[in-house]
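First chain A sits with chain B, and in the next complex the same chain sits with chain C.
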Partner chain A sequence: MSNAVVLEVSGLSKRFGGIVALNNVSLKITKREIVGIIGPNGAGKTTLVNCVTGIYRPDSGKVFFLGEDITGKPPHLIALKGVARTWQKIRPFYNMSVIEAVTAGALLRTKDVLKAREEATEVLEFVGFPKSKFEMLGRNITLIEHKLVDLARAIATKPKLLFIDEVVAGLRPHEVDVIADVVRRVNREMGITLGVIEHVMRFVMSISDRIVVLHEGRLLTQGTPAEVARDPLVVEAYLGTKPV
Partner chain B sequence: MNPRNVITVILPALTVALIGTTIPFLVGFNQYYVLLALQSVIMASIALAWNIIGGYAGQLDLASFAYVGLGGILATMLMTEYNVTPWLGMFLGAGVSAALAFTIGFPLFRFGIKGVWYALSTAALVVILHEASIMFLGPFDYYIPFVEGWYYLRFRTWENLYYFSLVVLAFVISLNLYISRSKIGYYLKAIREDEVAAEAVGIDVRKYKLLALVTYASILGFIGYLYIVSQRTFSYNTFSGPQSVYVAIVGIVGGLGSVSGVFSAALILKIVEEYLRGFLGGVLPGLHLLLFGSLLIIVGILRPGGLSSLTDALTKKIRVRIQRWYS
Partner chain C sequence: MLPSPGLIFQSVLDGVFLGFLYSLIALGLSLVFGVMGIINFAHGDFIMLGSYLVWILANGLRSDPSFMSLATVPLFFVIGAAIYMTIIRPVLGKEPLIQIAVTVGIGYVLQNFALMMFRAEPRAVQTTYLNLYLNLGVVSIHLAKLISAFLSLLIVLGVHYLLTKTWVGLAIRATAYDREVASLMGINVGKIFLLVFSLGIGLTGLAASLWMTFGQADPYIGSSFGLLTWVIIALGGLGGVSGLIASSLIVGIIQSLTMTLVSPTVSLAIPYVVFIMVLWFRPQGLFGKV
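Then we have the complex of A and B:
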């Protein structure tokens, strides 16, 4: 594994009125890594991704992608540079068929619709979306299928760095295993660097190379899954202080 | 674009135009029916132009007759005042309407005005032009002095203008079909479904919305002259709010983004409206509007997906029947 830094975030802060959602967060993600980003509710995980992908403009701090300053750039330009994401709350294209939705993603790198459709088919097959449902409208598919389409749509833009925001939330245990397998293959076979935001510990601990813990907008600690799980600070953040 | 796509884009438009050319013969050159056909074709063209911004891009635009009026009145006045041929005037009208759309659309999309606020802003545009044109035109109806010939695109009978508007309709249909099969169409539909998600897959939402708006407005600016000639008159009332809403209704009842649905809705609604007015307008003035409105509500309840969902269901049924027949 090379140690090239894909993403560098330095001193990132974001306030919403009186609430400090991100407070001076700095972190690095290196090439081909799977970084789990965890933390209790309201820790600032999604805000971090929103600031990196241009949905929010950070109040202070810088975001560097492959050494280039992308702070405050509009989302579509950041996507063009190679940062993609999925959504915690699914954002489906209800009135487009599954294949059309993923094709819209693939069209970022080509003008040729037929070629984009072929690529979309490949990506959908890669994530294991049932082939019989390619032509179905977004409104007619199930939650796990939505999550797969969301993932496929992001992968179809051929990103170098992909943020996966709570992809297994609301899924059944065996479905979690299916997604975990897909996520691992995205990283290994496609070589995409991953930032995985997750609440489901079993999932995030099993797939991550490294875990970053956020708490109340601050970077609490980081390390391997085993280190983080033992860290008293992390236990405290999740469970509160030890009972007396 | 490969040759097969070219055929799928142009063939339906040509078919419609060819079937359309037979209508004057079928009605025995009865001028009332030819004029009705002309008005239907113009309405279908306007509604299909609306389909680009309203159907594909999903922006509820209520300003169609701002663009129709501006382009149309410009071309008409250039002809009556300066003897400029509408062949040039219509393109100028298209250009001016496109410029107006850009001026309105740029700040609207820059500041992320969408949904009902976009609808209200565009509705206001029609009202503004309506009021402003009273200042410039005065509270008068302008009748176009009679001139004749292809130079003026005006004729003693309606057939030639009807054939010309069929060409325009064919163009608008092909443009719609082309858009729906190209990158622009995929991007516009993605924007319609979810702007934030569209941005995140690299779509320049502002640019594509503006492109859709300007395309739509320039088509309407071009059609404006045909509309005015088919109405025989223009005035400040050409900037009509109700007509603009009517166009949006046709687009929605037809089914957002469905070319066949919007096309058939335009024809059916125009003809139903005309007959209701003919039969009931004299008995109880205004009753036809009540019935017309009720019809729209019924369609909305029974077929919220618009006419296109009906035609889709029908073609599916027929396909299943045929498959069963063969097995």
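Then we have the complex of A and C:
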């Protein structure tokens, strides 16, 4: 069943005081897809992920993961079911070594620390993190290394669905290419379904099978990268209306 | 009149023994603070409460206070869990002032309870098997202090092992660094908090029974333990067990030397003076990283 729905969000809304961060958003992500989630600042992209992963409880609407209603469940249970994420702002465990941080992720599926450490080593090698830096503390590594550790930490939990939140923000062009390659391999070789929240168009357009556009908390449109790029609604959302 | 080198050496040795016990006390406090962000101002008062309990049990059973840890540790672990569920959990994520008010309040309730039940005079356990001195010529070693130092070190290292080598430990540390990230790695943050707070209070039960092998219970020892351990944690810098032990020993030695060379009445004040002087030169603590 290659078309199995992994995630279904229906009528999801979330308010913060007077601000409607998400307004009746419905969408589906199917198995092994890479779905780019784009939109201008404040469009509701990260709020959507926070509602799906249990960080926020949505005000209304439902979240189904593999057909099961997970709306409002606590984050650790949602992680256990197979949803993981990386973070827009890097959030390393500053005083843990790289290998320990990723091991902590692997411990979700096993309580054997040695086995978890082996898995962490494999995942770090998979994302191309330099082996010589496995024992370094989170506080001492570079930005792109942080992004790789963050990815590895999430992958180590063996998710079925992984959200990647603005992973290439702040990276140099050739580093973006490195990350793009890793993200594609996570999808193809590990078979993990991906939701990629992103501002960097070159990156998200090149890796995504499908693009979902959010604007002011609503789902504006969706389609292939080429379709979305041509859509006048999208152009308008990003650039504003043409001057008269 | 200069004190003899033997006297100073004896004083340093006693300070080292006391310091190891302080490290056990500081460990629980720093765990709760480091993982949950809760400053438990009642931490020392749990030791005070435990000391009275040990006093009652040990005198009643005519046995050594150190054996009473078999009762106090599990009991205080459960008390810790109960206090976490009823008092601490509701104020998690609230403003620091509210959290401070809550834990200071617990401390005062415990102190007043002790005053009411036992009045202010100090109480010591009658029976102890460890009240022996090993005479080594220049110095003599108080067996009770030696054993309490040894057991404290053993438990501190044991907890360090737990934190660095076991899955629970990794989960605790991940929660300490970022509870939201940890929760999305499948860690049940609520359970970790419950465990850490219970462990922190459980350790005060052990500290109390070790303390009573040579010390006395009075309603106010909690304040001195509590504040001294804050000095230790601030000096050591949060995080590392080695820094915690080192600063515990420094505080223990300073306190002991003050008692010997100056006066027991200022033995609480001098460590603070040293602490403030350290802050002038190393605001991050002696062993902390910036």
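Worth pointing out:
Assume the second predicted complex is superposed on the first by the 243 of 244 C-alpha atoms of A that agree within 3 Å, B and C clash if a C-alpha of one lies under 4 Å from a C-alpha of the other, contacts with A are read in each partner's own complex, and residues count from 1 in each chain.
Keep this in mind: a residue touches a chain if its C-beta (ideal position, glycine included) is under 8 Å from a C-beta of that chain, and two chains touch if they have at least 3 such contacts.
Source: prediction; values computed, not measured.
With chain A as the common reference, chain B cannot sit beside chain C without a clash. Of the two partner chains placed by superposition, A:A237 touches none, neither chain B nor chain C.
By the touch criterion stated above, A:I207 is placed in contact with neither chain B nor chain C. Once chain A of one complex is fitted onto chain A of the other, the partner contacts of A:R91 extend to both chain B and chain C. Within the superposed three-chain model, A:I144 lies out of touch with both chain B and chain C [touch as defined at top].
When both complexes are overlaid on chain A, the residue A:A21 reaches neither chain B nor chain C.
Counting contacts as defined above, chain A residues 53-55, 74-76, 79-80, 84-85, 87, 91-96, 100-101, 103-105, 107-108, 111, 113, 116, 138, 153-154, 157 meet chain B in one complex and chain C in the other. Partner chain C is touched in their complex by these residues of chain A: 53-55, 74-76, 78-80, 83-85, 87, 91-96, 100-101, 103-105, 107-108, 111-113, 116, 138-139, 153-154, 157. Interface of chain B with chain A (complex): residues 2, 181-183, 186-187, 189-190, 192-194, 196-205, 256-257. Of all the residues in chain C, the ones that touch chain A in their complex are 165-167, 170-171, 173-174, 177-178, 180-189, 239, 289.
Within the complex formed with chain B, the residues of chain A that make contact are 53-55, 74-76, 79-80, 84-85, 87, 91-96, 100-101, 103-105, 107-108, 111, 113-114, 116, 138, 153-154, 156-157.
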